[in-house]
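Chains here go by letter, A, B, C, D, E and F, matching the order in which they are written, and residues are numbered from 1 within each.
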Amino acid sequence: MPIIETHVLKGYSDEVKTRLGRALTDAVRMVLPASPDAVTVMFHEMDSADYMRGYEHKQPATPLPDPCDTIRAYLGAMEARELDKAQAMLGDGFVMNFPGAQGMTTLQELIEWSKPRYKFVKKTYEGFEALQSGDATVVYSVGTLYGEWPDGTPFEGIRYIDRFELTGGKITKQDVWNDIAEVRTQG
Amino acid sequence: MPIIETHVLKGYSDEVKTRLGRALTDAVRMVLPASPDAVTVMFHEMDSADYMRGYEHKQPATPLPDPCDTIRAYLGAMEARELDKAQAMLGDGFVMNFPGAQGMTTLQELIEWSKPRYKFVKKTYEGFEALQSGDATVVYSVGTLYGEWPDGTPFEGIRYIDRFELTGGKITKQDVWNDIAEVRTQG
Amino acid sequence: MPIIETHVLKGYSDEVKTRLGRALTDAVRMVLPASPDAVTVMFHEMDSADYMRGYEHKQPATPLPDPCDTIRAYLGAMEARELDKAQAMLGDGFVMNFPGAQGMTTLQELIEWSKPRYKFVKKTYEGFEALQSGDATVVYSVGTLYGEWPDGTPFEGIRYIDRFELTGGKITKQDVWNDIAEVRTQG
Amino acid sequence: MPIIETHVLKGYSDEVKTRLGRALTDAVRMVLPASPDAVTVMFHEMDSADYMRGYEHKQPATPLPDPCDTIRAYLGAMEARELDKAQAMLGDGFVMNFPGAQGMTTLQELIEWSKPRYKFVKKTYEGFEALQSGDATVVYSVGTLYGEWPDGTPFEGIRYIDRFELTGGKITKQDVWNDIAEVRTQG
Amino acid sequence: MPIIETHVLKGYSDEVKTRLGRALTDAVRMVLPASPDAVTVMFHEMDSADYMRGYEHKQPATPLPDPCDTIRAYLGAMEARELDKAQAMLGDGFVMNFPGAQGMTTLQELIEWSKPRYKFVKKTYEGFEALQSGDATVVYSVGTLYGEWPDGTPFEGIRYIDRFELTGGKITKQDVWNDIAEVRTQG
Amino acid sequence: MPIIETHVLKGYSDEVKTRLGRALTDAVRMVLPASPDAVTVMFHEMDSADYMRGYEHKQPATPLPDPCDTIRAYLGAMEARELDKAQAMLGDGFVMNFPGAQGMTTLQELIEWSKPRYKFVKKTYEGFEALQSGDATVVYSVGTLYGEWPDGTPFEGIRYIDRFELTGGKITKQDVWNDIAEVRTQG
C-alpha cells in the first residue's frame, strides 16, 4: 500500500517522470512485498518561485538520459565501428576489463586486441537493467554473441554479460564476461 | 532537490526503513543528477486504524529480507556444502546456467558437474548489488574465484559474476559467468 | 478543525469540485461536531503524467452527474409525460414500489395503474438529498402532491417521499410512500 | 483514484475513524465513478501541541455518536415504551409528523393518538442510512410494520419510512410515511 | 532540517512568495539552530476552485506591501518634504513620539517642532528590519543623522533608531530615539 | 487562509512548538493580510528512523532558548549586578554602543562609565520583540528608565530602547538609545 509523494521542480518531461515513477515503484517493491497496483506515486511539481532553500529559489537540474539507452547507443556505435560516436560517450578514467585482457583504456586498444580473436562479433540483446550505486549508475547488458571466428566459421549463442558504470551520464567502466573461451575449448 | 514523502503502514523496523529510504534515494539519483544531500526522504507511518482503502483497514505486509543478505547466505551455504540450508532458499522452477552447463535444476546436479572441474572453489566478494525487475528482485555478485584445480594446483583472481533472481524472497534463477576457461586456456 | 486534502486527477470542472468538497465537508460534520468554518477542503490536481499506480499512468474518469439533478429531471419528464426522456434515465432492473402497487417494472405499467387513481398529480418539492450506499447513490425527494381526483375535485398538500437508487448515473429503483390513502380515507 | 488525507486532532477512537473514513469514501463515490478499491483514506493525527490556529492550540471535540445507532436506540425505546429513555434523546423543538397527524410535539401525544389505531405496532428494519444536511444529520429508517389491529387481527409487511433530523446528537424532527391507510382501505 | 509546506491561494506574485518564504525561513531559524540550507520552503498554490472552507470557495486577499519599502518611502517623502505623499501613508490614530516631544499627531506639528532644532536633517540608513506583533507590523530603521544646526554648523554620525507600527499597510505609530541631545550636550 | 505544514524531527518540547507555530503565524501575517484565525500551523514530527537525507538518518538539534527570555535574564542580571551570570550569556566579540560611549566591550567598562552618570538606573519594560536577521537573532527591549541622579534626585519615565543581537543563543551586540541627555538638558 505505499503511497509515494515526490516534490520536484517543474521542467521535467513526461518521459522523465514516467522513468522516475517506475524507479520509485521498483525501489518499494524490492523492500516490501507489494503488488504493482499497491504502489502509488504522485508528483507535485513546483515552479522555482514556489521552492526555496537557504533563502534562495532553485532551478531544476537537467535530467540524466535513460542509462540503458546510453549503453544501447554505445554498444551499437561500437558494433558499427563508429568510434567517434562511441568515444564521445566515455568519461574520464574509462577502463575496460575483458576476459583475458584487463585494464584497457582506449577503444583502439580494444579493437587491436579483438582483431585476432574473431572476424566480427555482434550481440543479441536479452535485456538491459540499471541500478544506482553511490554516485555511479550501473547498467547490465545480458545476451548472446554471434559472429565469425578468424577462419570464417560462424558462432552464435555464446553467453555474455557486460557491466557498465556511468557517472554524470558518461561511461567510466566496462566489465565483460563471456563463454568465448569455454566454447572455444569445447571445440 | 527532490523530497520524497512515503506513506506506509506502521510495523516496519528501522532497518527496513533505512533500506527503503536508500533505495528511494538511489531511484531518484538514477534519473536526476542530484547529489546525495539533495535527496530527502520522509516516512509517514500510519496505524491500521488510520488507513483505509475500499472501506476496509489494512494490515502491513511482512517486509522482504535484504536480497543481498539472502544471496550472501546462499553462497556461503553452498561453499560450506550446507545443502539443506541452501535448498531451503530456493523457489519453484529454480534453474542454474553455468559456463558450459546450462539448465541445471538441482544442487546435486551442480555438485556432480563441479567435481571434475576443481578440487574446491571459493569466492572473494567484491560487491553485491540489487535491483527490482518486474516481480523479481535481481542480485548481482561480482568478485574473483580462488581454489585448487583437480591436480592440487592453486588458482586465484579468476573474475566471476553471478546474476540471481528472487521472487517472494526465494531464489528462482542463477546465471554464472567466469574466466575459468579463459584462464585454463592460457595455461 | 479537520483539514481534508484530496488528490485527484485533473480534468474535473469547478462544479464537480464544489460538489465533492461539500460532500466531503458533510461527511466530516456527520461524525465530528465541527462548525462549517472548521472544515477545510483542498484539492491537489495532477496531470496524468504526475500520477502512477502499478507502473502506469491513469486517466481521470468521467464524473457522475449530480444525482439530485438527475432525479429532478426524471420527475419533471414523468410529470410532462416525456416518457422517452424518462426511459433514457433508467438502468437495468429498474423496479418501482408504490403504495398498493409493488414490483412495477415499466413506465407504461405505472401510467396504466395511475389512470384510475387521479386525473393528474404533480409534486411540490420541499427538498432533495443524496447519500452513497455501497455501489448505489440514493436520492430522496420529499414534498407534497397536488392535482385532481378522477371526479375533478382538486387536492393539494398530500405528503410524499420518494427514495431512488442510481447506479452508474442510471435510476434502478424507486420506492414511493404518500398519504393519498390516508387523505382519501378521511374524506 | 482519489486519495484523501485527513488531518485531525488525536483523541478519536478507531470506531470513529472507521466511520469517518467510510463517510469520506462514500462522499467521493457519490461524485466520481470510483470503485471502492480506488478510494484511499489516510488519517494524520496530531496532538494538540502539534496544531495551532490563530496562535492557539486546540482540543479535539467529542465526536458525535453514530446517528443510525441513536435512531435504532430511540425506536427500540419507543417500542418498549421506555419513554424516559426515549425522551432523553430528544432535542429542543422536537416535532413529529405522522400520516394523519402532523405537528405532534410530545411522546405522550403520539401514544394517545396511536392507541385507537392499533393494539401494538413494531418495526422490521430493512436498513438505516444517514446524511448530513447543513447543521442537521438526517437518518432514514426503512422497513415494514407488523402488529395487531384494535380487534386483534394481526398485520405485517406494511411499508414504512421514517426520516429523522438530529442536531448535536439530539433528535429534533421525525417525519413518518407508511401504507397503513392503503392497507386498511384494501381490506 | 525543517521542511515547510505552505498552502495558499493562487494569485501572489513571485516577489510576494519570495518575501513569505524568507519570513518563514527566518521564523524557523529563530527557534531552531538550523543553517539556511537546512530550511526548505515549498508553496502549493491552489485556484479558488480547489479550496473550500465552510462549504464556500475563497478568493485570495491582496498581499501587503513590503513594510520596509513603505517605511523607506515614508522617510524619503518626509526628507523631501513631500507631505501629501507622506500623509497618504498614514493610518487612523497616527502618533509620533520624539525625544523631547511626545504625542505629536500631525506632520505639520512635527515640522513646526523641528524648525528651531536644525536647519535640516537627513538620514544615512544602516538597515531596516521588520517583525509582526499581533495585528501590527513593526519596522525598525537604524542609522545615523546628518545635517546642519540652526547656525549652519554641519553634523553627522548621530545615532538614531525609529520604530514604526503599520496596520493594514498604513503607518499608525512612530517612536524615535537619537543622540542629538547627547551630542549637543558634549559640544 | 494559509495552512502551514511543518515537518520536523521529534524531540522538541510543547513550548518550543508553540513558539515556532506563533513565529510562523507572524511570518505569514507580515506578508498576507490574514486574521489570526485564518492561519493554521500543523507539525508533523518524525523519529530519526523516519527521516533521511543523503542516505543518512539525522538527529534533531537542540532548540534555541526563547531570545526574549535570554535578554530579560541578561537585563535582570545586570540590574542586580550579577556580573558572572550576565557574563555567561555573552558571546565572542560582544560590543556595546551607548549614547556617548560607543565600542565598549566589557561589563566592567560599562559599570565604570555608568558610575558618574547616575546613582542607579532600572528599567520598566514595555515590551520585548524578536526577529531573525541572517544568522543573528535580534531582540528589542523598549520601555522607560527610572532611578536616581548622582545627587539623589529621582528620575523616571525616560524613554529607552535597546537592540540586542544573539548568535547561537549568546549575546554579541547591544545598541542603546535613550532620552537621558534630552531630559538632563531640559532640567
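To be clear about the criterion, a residue touches a chain if its C-beta (ideal position, glycine included) is under 8 Å from a C-beta of that chain, and two chains touch if they have at least 3 such contacts.
In this text, all values refer to a predicted model and were calculated from it rather than measured experimentally.
Common neighbours of chain A and chain D under the contact rule above are B, C. With steps allowed only between chains in touch, the distance from chain B over to chain C comes to 2. Per-chain CA centroids place chain A at a distance of 19 Å from chain B. Between chain D and chain F, the centres computed from C-alpha atoms are 57 Å apart. In chain C, the residues touching two or more other chains are 3, 7, 40, 42, 44, 51, 53. Chain pairs that touch one another are A-B, A-C, A-D, A-E, B-D, B-E, B-F, C-D, C-E, C-F, D-F, E-F. On the chain D side of its complex with chain A, the touching residues are 1, 3, 40, 42.
Contacts from chain B toward chain D in the complex involve residues 7, 44, 46, 49-55, 57. On the side of chain E, the complex with chain A involves touching residues 14, 17-18, 21-22, 25, 35-45.
Every residue of chain F that touches chain E in the complex is listed here, in rising order: 1-9, 12, 16, 19-20, 23-24, 26-34, 51, 53, 58, 61-64, 67, 97, 99-100, 102, 127, 129-133, 135, 137-138, 140, 142, 159-161, 163, 168-169, 175, 177-182, 184-186.
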